[in-house]
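Take a look at the structure set out below.
In this document, chain identifiers A, B, C, D, E, F, G and H correspond to the written order of the chains, with residue numbering beginning at 1 in each.
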Amino acid sequence: MTTRIIFAGFGGQGVMLMGQILSLAGMLEGKHVTWMPSYGPEMRGGTANCTVVMSDEEVASPVTEKAEVVVAMNIPSLLKFQDDVIPNGFLFINQSVIDRDSNRTDINVIKVPCNEIADELGNLKVSNMAMLGAVVGGTDIVSTDNLFKALEKKLGSKASMIEINKQAVMKGYELAKASLVK
Amino acid sequence: MAMQIIQKKPESLTDKEFTYCPGCTHGITHRLVAEVLDELGIREKTVTVGPVGCSVFAYQFFNTDATVAAHGRAPAVATGIKRARPDLCVFTYQGDGDLAAIGTAEIMHAANRGEKITTIFINNAIYGMTGGQMAPTTLLGMKTTTTPYGRNSNNDGYPIHVSEIIKETKGVAYLARVKVNTPQDVQKAKKAIKKAFLAQLKGIGFGMVEVLSTCPTNWGLDPVAALKWLDEHMVPEYPLGVFVDKVGDEQ
Amino acid sequence: MPKVKGMIEINQERCKGCGLCISVCPTKVIEFSDSFNSKGYHPAEAKAMDKCIACSFCYHICPDVCITVYREIESA
Amino acid sequence: MAERVLVKGTEAIGEAAVRAGCRLFFGYPITPQNELPEYMSKRMPEVGGSFLQTESEVATINMVYGAACTGRRVMTSTSSPGFSLMQEGVSYMAGAELPAVLVNVVRGGPGLGDIQPAQGDYWQATKGGGHGDYKLIVLAPSTLQEAVDLIGLAFDLADEYRNPVIVLADGVIGQIMEPVTFPEFRDPDTLPKHDSWALQGAVGREKHVVTSFDIDPVVLEKMNFELVDKFERIESKEKRWEEYKLDDADVVITSFGTIGRISKSVVEKAREEGIKVGLFRPITLWPFPYERLEEIVKGKKLVLDVEMNMGQMLEDVKLAVKDNAPIAFYKRMGGMVPTPEEILNALKMELGR
Amino acid sequence: MAERVLVKGTEAIGEAAVRAGCRLFFGYPITPQNELPEYMSKRMPEVGGSFLQTESEVATINMVYGAACTGRRVMTSTSSPGFSLMQEGVSYMAGAELPAVLVNVVRGGPGLGDIQPAQGDYWQATKGGGHGDYKLIVLAPSTLQEAVDLIGLAFDLADEYRNPVIVLADGVIGQIMEPVTFPEFRDPDTLPKHDSWALQGAVGREKHVVTSFDIDPVVLEKMNFELVDKFERIESKEKRWEEYKLDDADVVITSFGTIGRISKSVVEKAREEGIKVGLFRPITLWPFPYERLEEIVKGKKLVLDVEMNMGQMLEDVKLAVKDNAPIAFYKRMGGMVPTPEEILNALKMELGR
Amino acid sequence: MAMQIIQKKPESLTDKEFTYCPGCTHGITHRLVAEVLDELGIREKTVTVGPVGCSVFAYQFFNTDATVAAHGRAPAVATGIKRARPDLCVFTYQGDGDLAAIGTAEIMHAANRGEKITTIFINNAIYGMTGGQMAPTTLLGMKTTTTPYGRNSNNDGYPIHVSEIIKETKGVAYLARVKVNTPQDVQKAKKAIKKAFLAQLKGIGFGMVEVLSTCPTNWGLDPVAALKWLDEHMVPEYPLGVFVDKVGDEQ
Amino acid sequence: MTTRIIFAGFGGQGVMLMGQILSLAGMLEGKHVTWMPSYGPEMRGGTANCTVVMSDEEVASPVTEKAEVVVAMNIPSLLKFQDDVIPNGFLFINQSVIDRDSNRTDINVIKVPCNEIADELGNLKVSNMAMLGAVVGGTDIVSTDNLFKALEKKLGSKASMIEINKQAVMKGYELAKASLVK
Amino acid sequence: MPKVKGMIEINQERCKGCGLCISVCPTKVIEFSDSFNSKGYHPAEAKAMDKCIACSFCYHICPDVCITVYREIESA
């Protein structure tokens, strides 16, 4: 099984980090993973995005046109990537910033109020972790255990920060689980 | 009583939206050049030579015939065009990586030859396009992606003073350093740019304006703070002024 | 002191919400819009147009050439 | 047991170089390899090495020339247009027999092109982009782990043969993150010192001279012949390649680098559909493993060469295959990376299926 | 009837360019082609053209790029190291589809090498010394008369295909004097104006843009494919070669440029000794006349490739000959020019005589 | 009474005869550099970086480890050596084609970085090695093989003032222009060269001496007349002087 | 028949011109000719030389190691090139400058007091023409007619100079003829 | 005025006969030799050595490092 996930948003939204932590979690899970950023002048003013490919086999192309999962953190990202989700795939929308709906009806759309979650926890910066939690909750692509290990590894020194990040992850996770049940 | 337009987008710009980051003053200078082309009525005989840098898309923005030179080589490309067609007006638009690093030889010799071209030199103390590496004009102590511990003169050399250097070549007809971080400075900058074009049109020699410019993205500042940072940090290192003026006053 | 009467037009689709015009307007004509444009920015909006003195500062500083400035004249 | 870490390609290459004993890096920014000089700018001071951002690629390669003159391990990295600017210097280095590792993270071309992954610099790397008769050893990794391993090899080969070595990557290799295992740090004492020729100050010995020229053609010809001998030695000893499921294959895919890894998926998918496909992936693009490929293709139904260029390695494939099997070619260009599916389709077309 | 005049190679090339309508020359001194810019510095002002001695070959090629952007005929000339420095610019020109004539008077290499005649830049010229996928049309004269004729052709091909054309010469062609007949001056009105794309000021029309890039790989790939189409068109239409006494030959010598002329003496001398030798001399090194050579060599006893390099055209010869005839190779390097006698000896050795 | 040697060929020169034309003052400057290396006792830790130009054979003449840089790139090569081995003394020896044309960017940036190397710059207003083409330093009106009608500023640009330009970079620790056409000047030149090496040895920064030099062959003058021509034509365009001196006086 | 002639001397001795005039004469004679100079830094201080190849067939290599005729205008040239003369070939020595003999005994050595001849004619600059005359006189490689035509063509405008050059040629020519008879 | 006594040695094989030493010698010690060296030059020759004042001018100007200069000293 191979899962391709596109994370997209503004530069400052921690999009790259989300992808990296997920990749690391995948690696800890014993999977083959690659992470690939979009690069270049697109970053200027436009969207920043990265692709994670996670697979039981060696990863062939780390570049992808279609994806099982798309995470849109802002409007331009939604507009750019929603069409790339495969039928029955997942689209995660950062509801706090995106005030509109997807045009897709053949996929699972999960809206996450990332900023609100982060706000509640008292630090706007963890809104990306809320989203990451939602992705894992929605797809079960890695275990929360490995996700937390990856998170600790990546955030490293700042132990104080780890707790709040984990909380954000769990909020997102549960929200996604709940929204799937519906 | 009626409303009359007193300022609007110049004809010498296409409708294409700029690809610059929000608040990046590259855009201001683009507009100034276009206004000058309009005022001098030379759009139809002008060729734009764009650089490699954030302004690599300049060829799309100016409503003139245009090309993109290899990184740093715009003055050479402009020279080729001008020698082939001395009747055309040719200008280069270059960043500080483009002009003051890889393109050092080409700009020095275009200036020294008194090549009848005009150069707009955007000094933003950084490599914008490639993601915030040190430029030759980066200030001492400034952190960039390739000076993670701050620019250190012992390893990385000193901020280079392009205008002070170029003024020592004899072919220069007009040379000034300006900034574009206040409305007043913007208007002054335009006067300088106009003169740099007149240096060419009048056949006197090489004209260049060094424009102190912001890079909010790679300076890590919001656009308004970047305007202020320019005054506080760039201007002390790079004093404004007219270094050469053989054009004289316009009547 | 005869006050000049001005007016501006902002191309909100082109605007990137950098706020430079807001920072230089001497009479605080301009503010950010609450809504987004299609690029996802909050564009500038002339919320107090009556205060505009047609000084063109906003035009001069706008890096994206979004602003057109008008001034009231005696009609010919 | 060394730990697996998730790193970016450019950093993997940088760290591998540091562990191989490289303490000198000269570079000029260019996408898509900026993270490599950036990494080195941080890392070199930590390990007592020297990082310098140069004024241009022309300066870079000549600084590398200078540093290599001292016998120390030195590296640079660039992308396509930057590598073109280095051609004079590269030719000088090859002529002066200077060891160094040059990384080219290829992007779409020609000219300014774009900054997406491409393989259009194969000819430049393997046939000599510079003037005169010389060869560079060219290593093409297809995964980050291989990139890490080849960097170590690159330094060793450069030192052993006193010849520049290119590591030819692309934006995929440069930009992705993958888990890798790093080798141990090389003990500085085990590194070649090159005391017999390097420029280190003529203390109590005859002066050393490093140069790529002699005004007398009789002497220069001798120097040339010696280089040719060396190249033949390298050709006989250093060919490297990967064979993947070739034993029972009817169809041989030839590809290198990023396409090499993608082709493995093609092999799998094809086999799922009952088409017996195998992969021949040159790891050294020069010296190219002609003989082995010639052997392999005998009696095959088809050789499908796949590249992200207009058919550059294809010429080497033809030199190897000759009339021994039909050759087809599938290309993407301009920074487009083909998917396994489209390659498989191309393959099926060629087979008339 | 045009008069035969005794001229130096560099001047023959210069005058031929002037007669072909070239009025723009940019160049930087380098032996052995200095007399060409020197000639142009005198001649250009006489014909209302423009000569500029540039600050470097890097500047040169970018000036040529600029001048070519205007649609006017422009030329430069250099020798090996200088041509290496031009590789980025050449790649840009090919990418931007700019016509121009580039003369490389090859000298001994690699590196600083020496200044004697050599052919070590064959690969650089034919396989793309710069980055990315492009091809230059490469013409290799073997006499001054041919040089004169090929210069005219070079300008015409450059204009027709909007592609740079290299005239690959060497110190022999550059330095000798021989009698030549010059063509008439081209009527300026008959020269292509390139009004549809050239940069001339956007008077009453949409702006023109000349560039080698597009940031979008989808578009760049399209540009690449169009280039490939053009190259295929050139391959199908522009192959040129000379066949000399091949009809009854048992042995085919393949060689180009200066060696091509020397090989004719070998053919004569060999035939005096009863060995039936003929010569196949590619005039366009790219596109290389593979098909014709393949046809010719069938059933021959031996193909002897002779070059002043380590075997560069040899690869193209192999691509053409495949297993159809045994191939031998004789080389001189470093600026040494072989005599007919030594080539004949090499030939006899190969034949076991 | 006995005879004592007071001047003789320095140790830092090999026995190899110079390949320069009769009367070419390249040779004088070679000797001066060698004398300075002798006096400073640094021959064994010095690396010579030769140029491409008539002095391409410098690597044979100096009795030090040596290499030949690509045309114009000696400062880059020297930088590479120096960064690898900061304990060595590295100098470049370059002509005006090498340094002031093709090598413009490399010398400017070595100077600006304050690279701890020393550069001997031979300004003879001509490309000697390649047969007398215009150099960037060729005087206006001067006939060369590529300015057959005399150098014309309108087409060919102006004589370039390298020292005046380089003095505007902040990394320079010592910079002077000297000449070597009289015994007195030769002795002064030596002092300057010594200081340019001390700038490096003391770790202050980049040191350079511009030496006005003759090219009897390509000037078309006999060697003695060339010495005079230098005074009459070169010196007025290129005034002698010390432009930067951070080394201070030697005790 | 192919004849290879090397002219060698100091830079200022008009060595290149001698070769060029002879080539031109050869061309007028209907022969295939090439002229090739030595070039490069050798010119500095060392010898300048050029090679003329004249043949009934197309000229193959314009470069040559051996030559039928060597013309040495100064000592370094003599030392450098005397060994390249083929057995029974010709070596012309400028006696005015070269105060020594050749080491070859298997060839024809003709000594020409070029400077004295020129001096007599009142212009030292024509000493090379004296030598050229000697070469033609000694080898009959071209007719004096064509030699004079070539000379006129090359010297062009300066009609006044042509006469004295021709005289120098004839002096050398006769001297060589005479020395062969001996 | 006590005259310093000097002496020079010229490496005539190395000399290229450029005449620079001759042109700067204040006491006209040096002239061209009548004979050639093996490079074919008339080398410089110290024909009036007794006039030498050990000023070293000739040494300083000689581009080919042909000259060694001696000065008479009190023997130790």
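By definition in this document, contacts are C-beta pairs under 8 Å (C-beta built on N, C-alpha and C of every residue); 3 or more make two chains touch, one makes a residue touch a chain.
Worth saying up front: this structure is predicted, and the values here are computed from it rather than measured.
Between chain C and chain E, the least number of touching-chain steps is 2. Steps from chain E to chain H, minimised over paths through touching chains, total 2.
Ranked by distance of CA centroids from chain E, the top chain is C.
Taking the mean of the C-alpha atoms as each chain's centre, chain D and chain G sit 55 Å apart.
The distance from the centre of chain B to the centre of chain H, each centre being the mean of the chain's C-alpha atoms, comes to 60 Å. Rounded to whole angstrom, the centroid-to-centroid distance between chain C and chain H, based on C-alpha atoms, equals 85 Å. Spacing of chain F relative to chain G, judged by their CA centroids, is 40 angstrom. Shown for chain B are the residues that touch two or more other chains, namely 20-22, 56, 68, 70, 101-102, 104-105, 108-109, 129, 131, 136, 156. Among the residues of chain E, those touching two or more other chains are numbered 31, 50, 52, 55-56, 58, 81, 88, 92, 96, 111-112, 114-116, 211-213, 215.
Shown for chain C are the residues in touch with two or more other chains, namely 16.
Residues of chain B that touch chain E in their complex: 14, 43-47, 49, 56, 59-60, 63-70, 73, 76-85, 88, 105-106, 108-109. The touching residues of chain G, counted against chain H in their complex, run 10, 45, 74-76, 97, 99.
Chain H contributes residues 16, 36, 38-40 to its touches with chain G in the complex. Those residues of chain E whose C-beta lies close enough to touch chain F in the complex are 28-31, 34, 37-38, 41-42, 45, 50-53, 55-58, 81, 111-112. Contact residues of chain F toward chain E in the complex are 52, 56, 68, 70-72, 97, 101-102, 104, 127, 129-131, 133-134, 136, 145-149, 155-156.
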